[in-house]
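Dumping the structure here so I can ask a few things about it.
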Amino acid sequence: MRIGVLKEQSDKRVAIVPAVAKKLADLGATLQIESGAGANAGYDNNAYDGANIIDRAAVLQRSDVLISINPLPEDELKSLQKNTLLISEFKPFFDKDVSERLKTQGLRAISMDMIPRTTLAQSMDVLSSMASIAGYKAVLTAANILPRYFPMMITAAGSIKPSKVLILGAGVAGLQAIATAKRLGAQVEAFDTRTAAKQEVESLGARFVEVAGAKEDTGAGGYAVEQDEDFIKRQREEVQKRAMNADVIITTAQVRGRKAPILVPSSTVEKMKPGSVIVDLAASTGGNCELTQDRQTIQHKGVFIVGNSALADEMPEDASTLYANNLLNFLKLIIKEGELNLDFENEIVQSAFITH
Amino acid sequence: MLISLINLSYLIGAVAFVWGLRLLSSPDTARRGNILASIGMGIAILATLVAPISGGDNNYLWILIGLVVGGGIGWVAAKRIAMTAMPQMVSVFNGLGGACATVLALAELFKYYDGTMTMGLGQLGIVLFTLLIGAVSFTGSMLAFGKLDGRIKDKHVILPGHTIINIILLVVVLALAVWLMIQGSAAGTGLMVVFLVASLLYGFSFVAPIGGADMPVVISLLNSFTGLSAAAAGLIYGNQIMLVGGILVGAAGTILTVLMCDAMNRSLLNVIIGGFGSAGGGSKGESGDQVAKEATVTDASIQLFYANSVMFVPGYGLAVAQAQKALKELDDLLEGNNVDVKYAIHPVAGRMPGHMNVLLAEADVPYPKLLDLEDANAALKDTDTVVIVGANDVVNPAALDDPGSPIYGMPVLEVWNAKNIIVLKRSMSPGYAGIQNPLFFHEKNRMLFGDAKDSIQKLVQEVKNM
Amino acid sequence: MDTVLQFFNEQLIMIYLLIFTIILGFEVISKVPTVLHTPLMSGANAVSGVVIIGAILLIRQADSGDVLQLGLGTLGVILGMTNVIGGFAVTDRMLEMFKKKKK
Amino acid sequence: MRIGVLKEQSDKRVAIVPAVAKKLADLGATLQIESGAGANAGYDNNAYDGANIIDRAAVLQRSDVLISINPLPEDELKSLQKNTLLISEFKPFFDKDVSERLKTQGLRAISMDMIPRTTLAQSMDVLSSMASIAGYKAVLTAANILPRYFPMMITAAGSIKPSKVLILGAGVAGLQAIATAKRLGAQVEAFDTRTAAKQEVESLGARFVEVAGAKEDTGAGGYAVEQDEDFIKRQREEVQKRAMNADVIITTAQVRGRKAPILVPSSTVEKMKPGSVIVDLAASTGGNCELTQDRQTIQHKGVFIVGNSALADEMPEDASTLYANNLLNFLKLIIKEGELNLDFENEIVQSAFITH
Amino acid sequence: MLISLINLSYLIGAVAFVWGLRLLSSPDTARRGNILASIGMGIAILATLVAPISGGDNNYLWILIGLVVGGGIGWVAAKRIAMTAMPQMVSVFNGLGGACATVLALAELFKYYDGTMTMGLGQLGIVLFTLLIGAVSFTGSMLAFGKLDGRIKDKHVILPGHTIINIILLVVVLALAVWLMIQGSAAGTGLMVVFLVASLLYGFSFVAPIGGADMPVVISLLNSFTGLSAAAAGLIYGNQIMLVGGILVGAAGTILTVLMCDAMNRSLLNVIIGGFGSAGGGSKGESGDQVAKEATVTDASIQLFYANSVMFVPGYGLAVAQAQKALKELDDLLEGNNVDVKYAIHPVAGRMPGHMNVLLAEADVPYPKLLDLEDANAALKDTDTVVIVGANDVVNPAALDDPGSPIYGMPVLEVWNAKNIIVLKRSMSPGYAGIQNPLFFHEKNRMLFGDAKDSIQKLVQEVKNM
Amino acid sequence: MDTVLQFFNEQLIMIYLLIFTIILGFEVISKVPTVLHTPLMSGANAVSGVVIIGAILLIRQADSGDVLQLGLGTLGVILGMTNVIGGFAVTDRMLEMFKKKKK
């Protein structure tokens, strides 16, 4: 079985790192790596010894399984053999007909972002590993942009108050952001609609901002449910109050398959101190801040709004390592003795397979 | 001259008892205290053997037989018994002591009723008291032994309305005692036997309704009874060391009983009439038909203090309780006592990747002490005590051996390979995955219920005391 | 009443001794750490075996022909001796585990 | 007395912030602020109410005292009135004839970087306040560039070891860098030639790298003395050993009035893991790393070398506040009842005055 | 009947003494203990007043005069005395108790030598013992008082070769006692007076070489002497409560003396022959000709525990000692006892801007507890106790009032506005600026020498005990 | 020797009492925190004033004409009473500061 690994087009990461490549070889697979695939993540071609380093066209044509983090451009799909198994993050919740499109091309596809968020599947859960990096990076980015100190400083040249950091959405990314901001000495508050979030936030030593009346999310598989109008209104007011005092806001609130809720409207942004920073990790699904521009950092009335939801990309080495490990753990599930062995009884395999 | 020597020996014996008990109450000196007390006992027995005596044939052979047989039984029993069964053993020994006092009282009464001896009213009272208390201590202790050993279940011996039965029995026994005193030597051995049987019965009935978990308290109480019976016997024989030793044990036993109740956060009365309670109010450790065994803070701290290696397994509960600094304090304390302490970090412990790392870094736990899954599983085999601090799913053996489990196939920390397991959590509720954890019912495991920070702080206190 | 008072005055020192012994018993125990509750109970139990002294005296005072008394006495010695030896030995075993290292 | 405050030409900071401007007015001075002076630091013209906002030419001509952080361009000096008192960081140790040049122009000058590093003068010590910011920012910059995590992470997608951070030079900037890197969860080692440094490093909970035989610095007023050849050689070897393992190196070693010592030669850089980061805070005096390019971030064989020694500039709001407070404390010393009152007996005034 | 009541009263009194002392040894109950003991004393005195007595004229008037005069003096003295002079007062009271015993012995001897009474050899010995011990206690206590009060300086009373003089004196006194016993009633009052004077002299000489700082230990020792003399007097009068009370104080006083020596890390012997040592071995607190006063951990912890507000002033020494977490623990402990705790952060404390912030954040001290210079100086005026933890230059008053100082003009934390100051540092060495700090010699200040972490951990222990 | 032995046997209980009192004295004090050393010393000192009982007995037993004995006795009462009252009062004052709050 030949596994092809492609170089990402606009991403510094690589789906398979050398250490994982070796382990895949041990599973009986033949690795074919696009030349330069790992270069931006710190792995040059030599690092992948044992694997075939070939050019992109060759990888595309000669692989049984094709791995990339971001889906291939549509035009390249045609060059593939029938029945090739594609593994990428297809985001079928947003790209609703991707499954159909691939099927008509005679391809099979696994979407890594569809792996269930269960305890068992956590070792394959790329959303978690990448969100964790994004949360960490979001704080570093904000700290770097903010024209002020994060920690408190009583110095001979005056006393500096600690920065106030507000985290909206305490999922994996939000929690990591809380931990990182606390480490840097900021005063951290966080908010989330899930009821379990309060305890989780407090388990990191941060304060939870409470808004009464959130809808329960039991049964939604750990994903947040959409909240009603009135609630969102009261919540916005609360956020507005906090935002006026916050130096940094990091938003991570997402609702699966929908546009991200607007938690920070322009009116709020305008009340913030100049120089303050908003990092919007939900930018790719529309953003939690009204003014967010996807993949851009803008300044609005002195407030920086970072619309980069692919922050993991900016820590390519560890991000690639973690991603590759997740992939490895998943591939172990579907490769038996060097050949594909798809058990559709298995909940994980079943959820992840979007086209077969 | 000889008499002075004997008196001096008794005095030394008495002081040895007092000082021995004193030393026994501090861990550093406890062992010496026990030896001192036993030396005191040896001196007292020797002195008694050589003491000049008016009338009587000495009959050393009989004494020798008794000493050898009794000593042999005691020695063998004490050496053979398993570590875990020691409280039962103590209970048996205590019962025998009570029986001894009863036998002495019977011997006096036989002489009294067959007319070879006269007694004043006061003395008769003392003898009857000795008999009663000794007998209660005897049957009570034996039942306590049965319960602790698991041979006798609470339900076998608790009658409905047991408290009332106890009160009635007590009244009967006391009435018999009064009647025997009024009758004097006219009463005869028949009535004496009735009194004996009633006393024995009362001892049994007294202990019957008390829950199995409360047995240590009961044994302590019965021990102070035995002490009193020995003191009373001392009055019969006009012997100071019996009196002093008996009173000492009576007092010490009583206060110890109270302390034990305190440690359990209960009153003595509550324990004694606890028969009703013990049946209802299911313990925290129950779940379905399985029962998880609970550890006391003391048990747990001993297992930590005397371990060579300890592994902490932190989980989400550590974070919820914000117990990381307390845990580090416990760590420091143990390291200071030559215990090798490590932390086993499961990859999904907590609620975000690296959750445990964040917490433990905050508490300044050095990185080399943190073992990841693989290293931890290798190290667990040689670990004496594992302490699971608010973790659950990550130590669930069902992941390995129950194909029906939703987490079947996930690698977990194989804590059951260590010698002892202690789980700190608040209840039997499941963790994030929402599934029951068979580990809690593992024979090596003991639950220490309560908020993790609380429990750890208690452990710190206790370890400091050692 | 009078006999009681008389007894009180005659046995005054004895009563002092009793009361002081009780206080001493309380005092000696009152600060024991919970770890030691069981060993202490066990040690106290061994001490209560002092009742064996009575049994020895009983035998020594008995006629060598008085089988009832001798039998009871020997039973008493056996019971008491079991308590004493077993008690101290088991306590010692319990305390073995405290012998390790100290801070 | 009219105090003029200029807008910096290539610096986001401003020498006087509004709060300090008010206090100067209370001292009896008339403030004349160049329009837009504080804009980049978050203070627009309106913030300076009470002060005259005028254009640059007017400020230059009409001030008795002229304040800027960086010295004025030579050509502007001509437009000044005779005897004007300039307050800037003239760095006379490097720009050795600045004092002469100014004198010939008939100007007087105070150099803020010449304030003695004594306990008494610490409230005016701009080198300290700016170095502290630089140390903090250096770590954030490194963390942002590094393609790896700083803290240790044991996750379902693999275990990440904590990054190793090596700090060379444990002065004010170095210590702050230690503290910040430790906060972020890195393993921190530090080195300095001053003997007191060991204790200072350890007082922050970091490890001190020991190299035997450093020259004592007693009597050099807290500044490091130059070390001999042999010592520097052994030290380089030690650094090389550590550097091969370090993910981040932050260098701050300076020797007053001389080129910064080279502590990280190219050969060392080449042995570092790709993706590692060197932040060289001594860049402006030649750099502690052989490859450092002043004011540039370069990549050498995969290693990032940040040659920015003006990191305080990247946190302009707090940097300006602290700077302005330092200035205020100094001005209080030389302004009495609204007029200049120069007491050359005073050690601080005497040291700071480079031309009079 | 009455006799029984009297005996019962004495018994109750004795038990009250024992229990009172017991309660006195725990801070929670100490006050109650003192009251209980005083009630016991009252009962005993009352009983003695009404006890039936054979022969003798009662002479209640004389007694009344004595009670009123003595009670009056005692009461007024105790109420008037300044808090700080209490140890001296205790010493005086103790001496009076010893004098009382001596007076009793003299009264017996007068009767003996004028022939109105006979005595056995044993009794004579007891009387002489009473006289000797009482007299030693009397003069010894008086000298201790003088030393403590500063009226008598060590140098006034220490003779060269004092230990040898003491040994000779002791031999003389003992020889006189033996001689008096051999002579029996033939000795006469003359020799008795010689014995008395020698005893008094020995008491004085015994205490003379002991350093002023060791006086509390000596008082405790003399107190146990007084106890013994009371017990001996009890034997003379065949009175149980004197005997029991005296023995109790003798035993308790002895162990307390040993404990006090332990707390000072010295042996009793070392204290008693300490005359040589006390002059040499200059204290850590000396610098030039000024001497900074040292605090014990106990003093410091009392000042913390009973304060309403405490301000910590951290400096570079906190960082060097890495004592931030210990400090937080102390903070938590004090807050738990309703002490308001704040931290005063001087802008240049430590070795880098924000050094203290980094440390305290690491220890999780909440931001609102940190006061900057201005707020701190405002709050210091209402602060009961300031603890300076390894800071030096930042609390140097010379910055404000010594124009010659190199830091003159720098704003500092005005800690001297608080009620008490405690400085934790290792020695008298200066800080970064290299200048001496007059604060250390401020009358409100006490130095607690040692590594800051060590000292704080000791304070934590001590405060936990309260 | 014989008289000593005889005394020992006769006063046996008394000796028990003495020894137990000593142990009790040790025991009661041995765990006192250093904060309480001074108040405890002061309290113990007040108790040692029990010697006043002897002075009272001395006066009561004396002839009303025996001025020497009465004088000595009265002196003893004054000294003892000062010790007792002063001792308890001063101890109480010392302990006042412990009356504040408790954990």
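Things to note:
Note that the chains take the letters A, B, C, D, E and F in the order they are written out, and that residue 1 is the start of every chain.
In the analysis below, a residue touches a chain if its C-beta (ideal position, glycine included) is under 8 Å from a C-beta of that chain, and two chains touch if they have at least 3 such contacts.
Just so you know, these numbers come straight off a predicted model, no measurement behind them.
Shared contact partners of subunit A and subunit C comprise B, E. Chain centre most remote from that of subunit A: F (centre = mean of CA atoms).
If you average the Cα atoms of subunit A and of subunit B, the two centres end up 56 Å apart. One simple way to say how far apart two chains are is to compare their mean CA positions; for subunit A and subunit F this gives 81 Å. Rounded to a whole number, the gap between the C-alpha centres of subunit D and subunit F is 75 angstrom. Distance from the subunit B centre to the subunit C centre is 19 Å, each centre being the mean of its Cα atoms. Residue positions of subunit B touching 2 or more other chains: 18, 22, 244, 347-348, 353-354, 358, 361-362, 364. Counting partner chains per residue, subunit A shows two or more touched chains at residues 122-123, 128-129, 132, 151, 153, 155-158, 160, 183, 185, 205. For subunit F, residues that reach two or more other chains under the stated contact definition are 13, 16-17, 20-21, 23-24, 27-28, 31.
Remark: subunit F residues 5, 8-9, 12-13, 15-16, 19-20, 23, 27 touch subunit B in the complex.
Residue ranges of subunit B in contact with subunit A, taken from their complex: 316, 319-320, 322, 347-348, 350-355, 358-359, 361-362, 393, 406-410, 432-433. Every residue of subunit D that touches subunit A in the complex is listed here, in rising order: 12, 41-42, 122-123, 125-126, 128-129, 132-133, 136-137, 140-141, 143-144, 146-149, 151, 153, 155-158, 160, 180, 183-185, 273-275, 302, 314-319, 321-323, 325-326, 329.
Those residues of subunit D whose C-beta lies close enough to touch subunit E in the complex are 118-120, 122-123, 128-129, 132, 135, 172, 175-176, 179, 183, 199-200, 202-205. On the side of subunit E, the complex with subunit C involves touching residues 1, 3-4, 7-8, 11, 14-15, 18-19, 22, 240, 244.
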